[in-house]
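Multiple structures are listed underneath, in structure tokens.
Each of the next two complexes has subunit A plus one other chain: subunit B in the first, subunit C in the second.
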Partner chain A sequence: MTSPPDQPPSRTNWAGMALVSPALLVIAIFFVFPLLASVVSAFQAKTGEWTLANFDKSFELYSGDVGYTVVIVAISTAVVGLLSVAIGGYLTLGTNPRAQAVLRWLYRWPLFIPFIVAGQVMRTFLAKNGLLNQLLIGSGILEPLAAQSYLDWRGIVLAFVWKQTPFVALMVAGAMAAIDPAHIEAARNLGAGRLRILFGIIIPQIRRTLMVGLVLSYVTMLSVLSVPLMINPNSPTMMTVDVAYRINAHGDYGVANALCLISLVLASVGAWFYLRHGVARKGVQ
Partner chain B sequence: MSAAAHGETRAVRIGKMLLRAALLGLFAFFIFGPLLNLLLWAFAERWYFPNKLPSQYGFTFWERVFNPRGNAMASLVTSVGIAVTTVIVCLAIAVPAGLALGRLQLRWRAAIMLVFLLPSAFPNLPVYVNIARVFYELKLAGTVPGVVLVHAAHGLVLAVWISAAAFASVDKALEEAARNLGAGAWRCFLTVTLPLAAPGIIAGGIFVFLESLDEFTGTFFVGVPDVQTLPLLMFNASMGGNYQIASITALLLLVPSVGFMLLVERFLKPNVMATLGR
Partner chain C sequence: MVLQPSKPGLALETAGAWLLAALWILPLAYAFWTAFHPAEYATRFDLFAPLTLQNFRNAWEAAPFSRYFFNTIVLVAMILGAQLVLCTLAAYAFARYAFRGRDVMFVLVLVQLMIMPEVLLVENYRTMSVLGILDSLPAIGLPYMASAFGIFLLRQTFKTIPAELEDAARVEGASALQILLKVYVPLARPVYLAFALVSVSFHWNNFLWPLVVTNSVHSRPLTVGLQVFSSGDQGIDWSIITAATIMTTAPLLIAFLLFQRWFVQSFMRAGIR
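Our next item is the complex of A and B:
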């Protein structure tokens, strides 16, 4: 996409703005306004006066869940990143075309499967009599009597990794495929091993894509309600479940929005990176 | 590569092959194991804990789900109705915006594109919670139009990006040729630009349809208690311990998602996916 440096004629500009404005209006009404309302409501008591009580209550009741959320999302993001690099790396540097074809066919399946379905799928897979336990028992790793359900933080992490890896791996593999093969060939000729090429040549060139993918994934996981609600709804649980509980059981929008603001702060760390790199990129093109 | 291969003994080669096969097998189990487990539950009549596999298979629960007067069919009709309306609303807003962003010279183009990047960089839970609160005041909570509005706003971002990319890829020379042959601006748009951008716009429409069909959180807050879409039905069945109904409903939701994943490679190559979201 080219954006010429010269100013567009003002007639075209106004026509363009007229075409864009309905979409901008929708974003303003259904995204910007509710976000601002959330921030304002977090600092308001039920009677309407300004207060910090919602935050006191949030930390008193849910500080454990905030930590739990951060740990789960951090582990999931790290594992998604590792798996994506491994998949992309093998697709780029692997020496066995048949294994590469199988891997390429395999890894995308969960790509468009919705979180709610991923939740249900994992509820069956990780249950006491689920297939994961049967594999572990069948291969002799686990005693049948020691079988337990994995529907706790491990279940949430597994569901997130299962659902998010294809998305990030697809972006990473695409970026790796776009690298000039001459770079890799040159390193190979100089005697570099495959791991060395992956970490020394490939990852530095796709770092930005990997980061954008991971940030999008991190923000998404932070605000998914269905997976923790289905896999581990009891305390300790993720903040999204607490938000739903405050609203559905107590009609308590103050504390719910305070929790939302905390997760917004957590997300904005990622969003800051994302927008900074997104804009930097747009500036280059 | 081949230099290394020469030095390898046969045993090392076979060992490597086995390792590769084992790793791929493990990965395949990781991807398909959960789906296979879902499939087992969908056809299980009875399955209690110590049993490794269902003790009885059958279609009793399928009959219950596909009963024309049952809850599930009503939810399916609601879900598809909402998704189709969402696509129409969404494209009606996104196509003009995409045309302007992809084709016209806009003074604040970079800033506007940034606005359309924002929603995916923030958690959507606070958004849904507070829309639900406003909709409650406006008597839109628990109504189909309310749910459509939420889904359309959610799908809009992706629809704008994809249609902007679709319009940007139309060759300007073709438009100029049409104009030189005497076609007016409207005629040129309808007979040249729009048909050429159509595949991308259709892809965007399918995306929006699937997003709406699968959407849970927004419907959970805005739709209660009267709008019961398929994801909500699945959730309620699962939380109620009815794994069969939940698994069959999950399968119904899986089929379009996986079908689209297989189809999407035709028009969204990995290198295009890599540019999405930037």
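Our next item is the complex of A and C:
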């Protein structure tokens, strides 16, 4: 199917502008203006003069949380990537159709669970008296007195991985399913094992999809408030909790905006990858 | 010659797949178990434990869930309705019209995808305050009504529709709006369904912005209402907490079962969030 030319001769400039303008108005009011205003506010004191004091205060109070956030999101992204490749790989190359069908049906469920519910579920699952400890104690792996709460960075990582892996795995499995089976068959006929096929044939072909999925997950996890709020709101915690605290407890919009901008810089690295590898690939003009 | 993995290797791999599937569903299965059994069975697995709906009754009485459900349904319907109109018009223009600044505007739309909502939180809160609509459903919905994802997805779909169909409709005397409604929209119906599912799922689950912009029962959606169960006031009664959690997410899980194929296609189609 070929794409038609962009502009039939009868089309006028104003008609296109008129069709786009309602959406652009909303974007201008609720995206462009607030984005510019929050940048300005981060560099302004309450008296109105230009300053870097909000950033100084942010780093003085929350530099630990910035590092904590980066580490948690980086670990989560890496684990999400590994699990997504494992799930996608098994769905593509697995040999037990029943196990494939069950895994295919089950792994998607967390996709439709809100982050706040994922946080809530993990809070009950990972608490000192939660199911995980009960299972470990019941199976003799853990002494009852040695039971400990996992409601710290480990809980946040587990919640992120549980919630985000299905999203990336779905994209990865879809990309793997779209690979020409002849490539895989040819490799098999030449004697390649399945691990070799996965790492030598399949992953190089779905690398971009994997990268786009991981970048979107990375940016999403950076901006989630509910999971750290539910699992570990005490210091050290994630930057989203700090932003909510500066606004709700102190009405300190300057520092809140400075923290948001720091988050934005962290996310921009991901955005750069996304725009370079994802959108560009789709032929956006 | 095709090399087959050894039998122990196959068994190990299959066991790994089963284990991964079981582990994945375990937190959710645990939530269901706890919600449907008395509190004393919350951390004790007993096949013959009595079933109960009392936890759901207690959760329902602990917070005004009927109001939260009503607010959430009105909110997602309002946002989706506005998105379908605004995104369709904008996508049609981006796909089929050439006008000054089109490409710059389209990039501006796309950049939205990568900006975290928290960056806009403070200033959007001020805007809602100036508009005098704080603590209302329109305040929650307004910033999302021109979905970048919706515009992008529909624009890509409209670009694949053959121009001959449009030409034929124009020869028949159809206006631009009629062409959009009678040619483009019907042909993009599966994409609309996919987008609708993603939009409803996202806004049903949204938490941060509604938390900031609402402060009363009259406008709070379910996710914000659920937060009350994380506070000390409710104690730590896992049974009630999980019952409330399941009530909140049940409509989405049922929708997932009913529309699973479209849900999956929608996520596969564009590689989006």
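Following the convention adopted for this analysis, the second predicted complex is superposed on the first by the 268 of 285 C-alpha atoms of A that agree within 3 Å, B and C clash if a C-alpha of one lies under 4 Å from a C-alpha of the other, contacts with A are read in each partner's own complex, and residues count from 1 in each chain.
Convention: contacts are C-beta pairs under 8 Å (C-beta built on N, C-alpha and C of every residue); 3 or more make two chains touch, one makes a residue touch a chain.
Computed from a predicted model, the values in this text were never measured in an experiment.
For the composite obtained by superposing both complexes on subunit A, the positions of subunit B and subunit C are in clash. Legend: residue contacts after superposition of the two complexes on their common chain; A:N13 is shown touching both subunit B and subunit C. Judged by the touch definition given at the top, the superposed model places A:K128 against subunit B, while subunit C stays out of reach.
Once the two complexes are laid over each other on the shared chain, residue contacts for A:A23 go to subunit B and to subunit C alike.
When the two complexes are overlaid on their common chain A, residue A:Q100 makes contact with subunit C while staying clear of subunit B. Of the two partner chains placed by superposition, only subunit C is touched by A:N189; subunit B is not. Contact with both subunit B and subunit C is seen for A:F31 once the two complexes are overlaid on the shared chain.
In the superposition on chain A, contact of A:I72 is made with neither subunit B nor subunit C. Within the superposed three-chain model, A:A258 lies out of touch with both subunit B and subunit C [touch as defined at top]. Touching of subunit A by both subunit B and subunit C, each in its own complex, is seen for residues 1, 3-4, 7-8, 13, 15-17, 19-20, 22-24, 26-27, 29-31, 34-35, 37-38, 41, 95-96, 99, 102-103, 106-117, 120-125, 129-131, 134, 162, 170-171, 174, 188, 209, 212, 216, 219, 222-226, 229-230, 240, 243-244, 247, 253, 256-257, 260-261, 263-264, 267-268, 270-271, 274-275, 278-279, 282.
Subunit C contributes residues 1-3, 5, 10, 13-14, 16-18, 20-21, 24-28, 30-31, 34, 43-45, 85-87, 89-90, 92-100, 102-103, 105-110, 112-124, 126-127, 142-143, 145-146, 148, 151, 156, 159-164, 166-167, 176, 201, 204-205, 207-208, 211-212, 223, 226-227, 229-230, 236, 238, 241-242, 245, 248-249, 252-253, 255-256, 260, 263-264, 267-268, 271-273 to its touches with subunit A in the complex.
Of all residues in subunit A, those touching subunit C in their complex are 1-8, 11, 13-17, 19-20, 22-24, 26-27, 29-35, 37-38, 41, 83, 86-87, 90, 94-96, 99-100, 102-103, 106-117, 120-125, 127, 129-131, 134, 138, 162, 167, 170-171, 174, 188-189, 191-194, 209, 212-213, 216, 219-220, 222-226, 229-230, 240, 243-244, 247, 253, 256-257, 260-261, 263-264, 267-268, 270-271, 274-275, 278-279, 282, 284-285. Across the complex, subunit A is touched by residues 1, 20, 24, 27-38, 40-41, 47-52, 93-94, 96-97, 99-102, 104-107, 109-110, 112-131, 133-134, 149-150, 152-153, 156-157, 160, 164-165, 168, 210, 214-217, 220-221, 231, 234-235, 238-239, 243, 246-247, 250, 253-254, 257-258, 260-261, 264, 269-274, 277-278 of subunit B. Every residue of subunit A that touches subunit B in the complex is listed here, in rising order: 1, 3-4, 7-9, 12-13, 15-17, 19-20, 22-24, 26-27, 29-31, 34-35, 37-38, 41, 95-96, 99, 102-103, 106-125, 128-132, 134-135, 162, 170-171, 173-175, 177-178, 188, 209, 212, 215-216, 219, 222-226, 229-230, 240, 243-244, 247, 253, 256-257, 260-261, 263-264, 267-268, 270-271, 274-275, 278-279, 281-282.
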